[in-house]
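You will see two complexes here that share chain A, one where it goes with chain B and one where it goes with chain C.
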Partner chain A sequence: MELEIINLTKEFKEIIAVDHINLSMKNGVYGLLGVNGAGKTTFMRMLCTLIRPSVGKILCEGKDIFEMDGEYRKILGYLPQEFGFYPDFTVQDYLMYVASIKGIRQTAAKKRTKILLQQVGLSKVQNRKMKKLSGGMKRRVGIAQAMLNNPKILILDEPTAGLDPSERIRFRNLISELSQDRLVLLSTHIVSDIEYIANQILLMQNGKIFHSGTQEEILNEVPIRVWRLDVRKSEVEHWQAMYKVANLKTMPQGAELRILSEQCPDTNAKEEELTLEDVFLYYFGEKAGNNDDVL
Partner chain B sequence: MMMYYEIKKIFVKRGNRVALAVLAFAIIVIVYSLVSQTYWVNENGEMETGFGTIRKIKEAKQEWSGSLTENQIARVIEEKNRINATPQHQSEDMRQQEIAYSWTQGFQDITYLLNYAYGDFQTWDYTVADSLTPDMASDFYPNRMKSLKKWLEEEEGGANLFTDKEKAFLMEQYENLETPFFYEYQEGWKNLFQWASGIAMITALVLGFLCAGIFADEFRQKASAIFYSSYHGRGKAIWTKVTAGLLTVTVVYWAAMLAYSAAVLGIFGIEGSNCPIQSTMAGWKSFYQITNGQEYLMILFGGYLGCLFMTGAVMLVSAAAKSSLLAVTIPFLMIILPSLLMSMNSPTLNKILGLLPDQLLQISSVVKYFNLYEIGGEIFGAVPILAAVYLLLTFILIPMMYFTYKKHQVTR
Partner chain C sequence: MTLDEKLKVYSDSQTIPKIDEECVKKTILASKAALYQSELESPLSGIDFLFHQIRYIRKRWWIAQALVLLALWIFLFISGSGVAMQRSMGIMAPVFVILLLPELWKNQSNASMEVEAASYFSIRKIYAARMTLFAIADLLMLSLFFAVSIVTLKLTVGEMIIQFFLPMNVTCCICFRNLCSNREESGYTAFLMSLVWIAVWMMIVLQERIYRRITAPIWAGVIILSFVYLIYSVCKVWKNCEKYWEVNHSWN
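Up next is the complex of A and B:
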């Protein structure tokens, strides 16, 4: 399965949400990393035929996805960022309805629903109304609906947003499990999601994908090093003004800083291993999401 | 399977269930009020109400059933005069007067017709029948024509309301009406027609409520992204929504109207279906040559078409604006606005109002109005035009809602 994105652009009045993206994706897990407002959701909506591009094309195995129409959507699974559902439907009803609009016959839909409910650990709540589910459970129903048609292309927009740490880990593992033999595009502004499951990372900012590669490639190509430095509390502001500080840990005797810099900032500084989170901070700076999420 | 869940989406909503309960409650209250308003004055001059009176009224009226020939009219006038001459009728004691009234109940419908036939076209004077003699019976049918002709010539009557062609049409319709009328007990139909419009209107409002969310809820509940990104999301799934709406209209409308009809006709009886509508006071002036049974069918199918059109408009707004709140106001506007405008009493405005969709919900009134329209040199009453126009518009609405919904992009 190959998706080829050619010069893809989407303009909303005076805002360019997606700006001339050229990209080719094959089977594997792609992590789309960017801050809020980078254009990730608009890009993904175009991949799901929900929005038509202003300019450019998306080709699936060489065919325009908007011309393929239903034939393309037949191989597509999508979990939107804001996962909407029918609150008065039970989990079972909801999945059966989505199966019907995905063109799955009733008998096959029943079997598939049963398997997926087991896989996402929701068999026991299949008769519970959707509005009575916890946030984590709803996301799991969301991934189950996306997988109903066993899609060759799976697009997940911020699938772990709003989940507590244990739910997030569970969800990440589930996505890894489901990513075999298909093209998975996962958008997030949570670095750890990408670190654990993505084979390829796409960095997006201001509507453009400005960098892509494997985790190693990205870490190797970034022109930055990481330094650990213990300082007095009164010096913290000085160091923050001088350098990008990836982390600040307050200690009884002072503070431990994680500084991003090409050069050694101080003779007492010790070099540490660069992580994806450091890269994220380097590229996206102060806009890099809220602290809780970038864990 | 898709249809099952689409219908389930409508009926699983608590608000929609409440709306259906309101409709059922309205039918029960209306039928109950029809029964409780029915009364019979017994031979002692005492008023009786409730179920038991219906049989007595039926027995009394069936004694006067048959063709309303000159002889029958003369017989009614004779009997009326005989009762008027009794000491009970002339007594000042209310009880005695009630006893005299009790003897007239069997032919009271015919007495009402006499008041129209021998009175002024635009007024109804309940004392007219008291001034008649049996030899005047031969004027009963000719008077219907004469009073219309006179009214159409009067400056303050219909002289300026109609063109010569329209006047000729009305005269011709009156002239062609088959006489003598067949008359029999027809309380079931009279009562049925009394609230048929009310039931159709409440049903239209409830249907608007039920169907307003069919399209808009996908966006309100943020389910549109999954809907449109699915295999059938821009095709069959939308047709299923359209069909689910039409099916809901069909099931709810016919269930409501047939339940109401079955209750009223079951209680009051189905006799009188072959009587012309002119054999009742309410239908005396109508130029439509139809029976009660035919009027009933017109009410049923007119109401169905009206509900289909109004709900279709609701669904179109729901599909276009993605707002169920805006959509649900459509039937209210379609029903309430014309009734507000009607008070302006302008002939031109009345002609326009006579073709608005709310008229389909009140065919029992429409067949009594003189709303005439000239098309291609021919004069038509409002009913056939309403039927043709709204049938066509409903057929146009169906693909419109499909294509309107199909083209949406999910940007939020």
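Up next is the complex of A and C:
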């Protein structure tokens, strides 16, 4: 399965939400990393035909997805960031409803629902109403509905938003398991969501994908190194003003700083291994998660 | 040899094949898998999809609509007077339509439109299916109500059209026009505007000097206009429902 994105742009009045993206994606897991307001959701909505681009095209096996219409959505699975559902439906009923709008016949839908409920660990609550489920369970229903039609393209928009760490790990493993033989695009601003499962990472900012590659390629191409430095508490502000500090750990005897810098900041600094989180901070800085980025 | 002897010789020469139970089971499983795969690959037809949606519409609103019509009939049967008839029909007709609001708005109010829009049957077809089912159900209920009312209550067709059908039609226009809107509070707006319309209608029918001045051609003109606007609103819903995310929702 191949998706080709050609000069994709979306403008809302004066705002350019997605700015001339060119990309080719094949089977595998793609992690789309960016802060709030980067344009990730708009990009994903266009991939799901919810929004038409202002400029550009999205081709699936050489055909425009908007011209393919239902035939494209037949092979698409989508879990939106704000996953809404009908609260009075039971889990089983909700999945059967989504199966009906996905055009799946009832016999196949029943079997597929059973398989997916087992896979996401919700067989025991299939007769429980959706409104009675925990946040993590709702998300798992979300991934189950996205998988009902056994899609060749799976788009997950911030699938772990609002989940606790154990649920996030569980979700990550589930996505990894489901990603066999399909194209999975997963957007997040939580680095650990994709660090272990993404084959390719796409970094997005201000509507553009400014960097892409495997995790190793991205780590190798970043012109910074990471240093651990122990300082006095009174010096913390000075170091924060001089360098990009990835982490500040307050200790009884002072503070431990994780500094991002090309050059060694101090003779006492010890070099550490660069991680994807450091790269995220390097590119997105302290604005990561700042609400001013969301309009 | 006789025929029986020939048959016996023939049957003795035949060997019963040994049936491998494992192979039979594998064949059954493979057949089931093939059927399942073919069911998965061939989508529901439009008619099947339409009738599947009946299951997912909450019947309580249809029951409530039927109860509104029943209550109206009972009131008309008991009261019998012209003014009471006008008031009750003018109020109940919009109420009949307002009871559709929860089902029409449910995918907006529950934020499920994204999942629906990314499905094989687009949001446009989902809306079309729901509106078709509501139209069929309401047409059946109203036909029965009108037929029974004309026979038992001696109401004329003209009275039914002016006192019930017209206010109902205008309420439908209000609801569908608001359904086109991308604003999140459009359901509440439709409800409030419907209440305002009930108040306006009551003012018209209860003011004798205004009511008497409205002649049959004026009523006919208003009814035709409301019909035309209703068709326009339904078409606008049909056209706009896929542009829900174009304007004022999070573009992050």
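As a convention for this text, the second predicted complex is superposed on the first by the 289 of 295 C-alpha atoms of A that agree within 3 Å, B and C clash if a C-alpha of one lies under 4 Å from a C-alpha of the other, contacts with A are read in each partner's own complex, and residues count from 1 in each chain.
Following the convention adopted for this analysis, contacts are C-beta pairs under 8 Å (C-beta built on N, C-alpha and C of every residue); 3 or more make two chains touch, one makes a residue touch a chain.
All of these numbers come straight from a predicted model, not from anything done at the bench.
Superimposing the complexes on chain A yields a three-chain arrangement in which chain B and chain C clash. Legend: residue contacts after superposition of the two complexes on their common chain; A:Y243 is shown touching neither chain B nor chain C. In the superposition on chain A, A:G37 makes contact with chain C only, not with chain B.
In the superposition on chain A, A:W227 contacts neither chain B nor chain C.
By the touch criterion defined above, A:D69 lies against chain B and chain C together after alignment on the C-alpha atoms of chain A. Using the contact criterion defined above for the overlaid structures, shared-chain residue A:Y78 touches chain B and also reaches chain C.
When the shared chain is aligned, chain C comes close enough to touch A:A108, but chain B does not. Comparing chain C and chain B on the residues of chain A they touch gives the larger count to C. According to the touch criterion, the shared surface of chain A, contacted by chain B in one complex and chain C in the other, consists of residues 12, 45, 48-51, 69-70, 73-74, 76, 78, 80, 82-89, 93, 97-98, 100-103, 105-106, 145, 149. Interface residues of chain A, counted against chain C in their complex, comprise 10, 12, 15, 17, 36-42, 45, 48-51, 69-70, 73-74, 76, 78, 80-89, 93, 97-98, 100-108, 111-112, 145, 149-150, 155, 294-295. Within the complex formed with chain A, the chain C residues making contact are 35-36, 39-40, 42-44, 48-49, 52-53, 55-56, 58, 106-107, 110-122, 126, 242, 244-247, 250-252. Residues 12, 45, 48-52, 69-70, 73-74, 76, 78, 80, 82-89, 93, 96-103, 105-106, 109, 145, 149 of chain A are the ones that touch chain B when the two sit in their complex. Chain B meets chain A in the complex at residues 1-2, 5-6, 8-9, 12-14, 217-218, 221-235, 237, 409-411.
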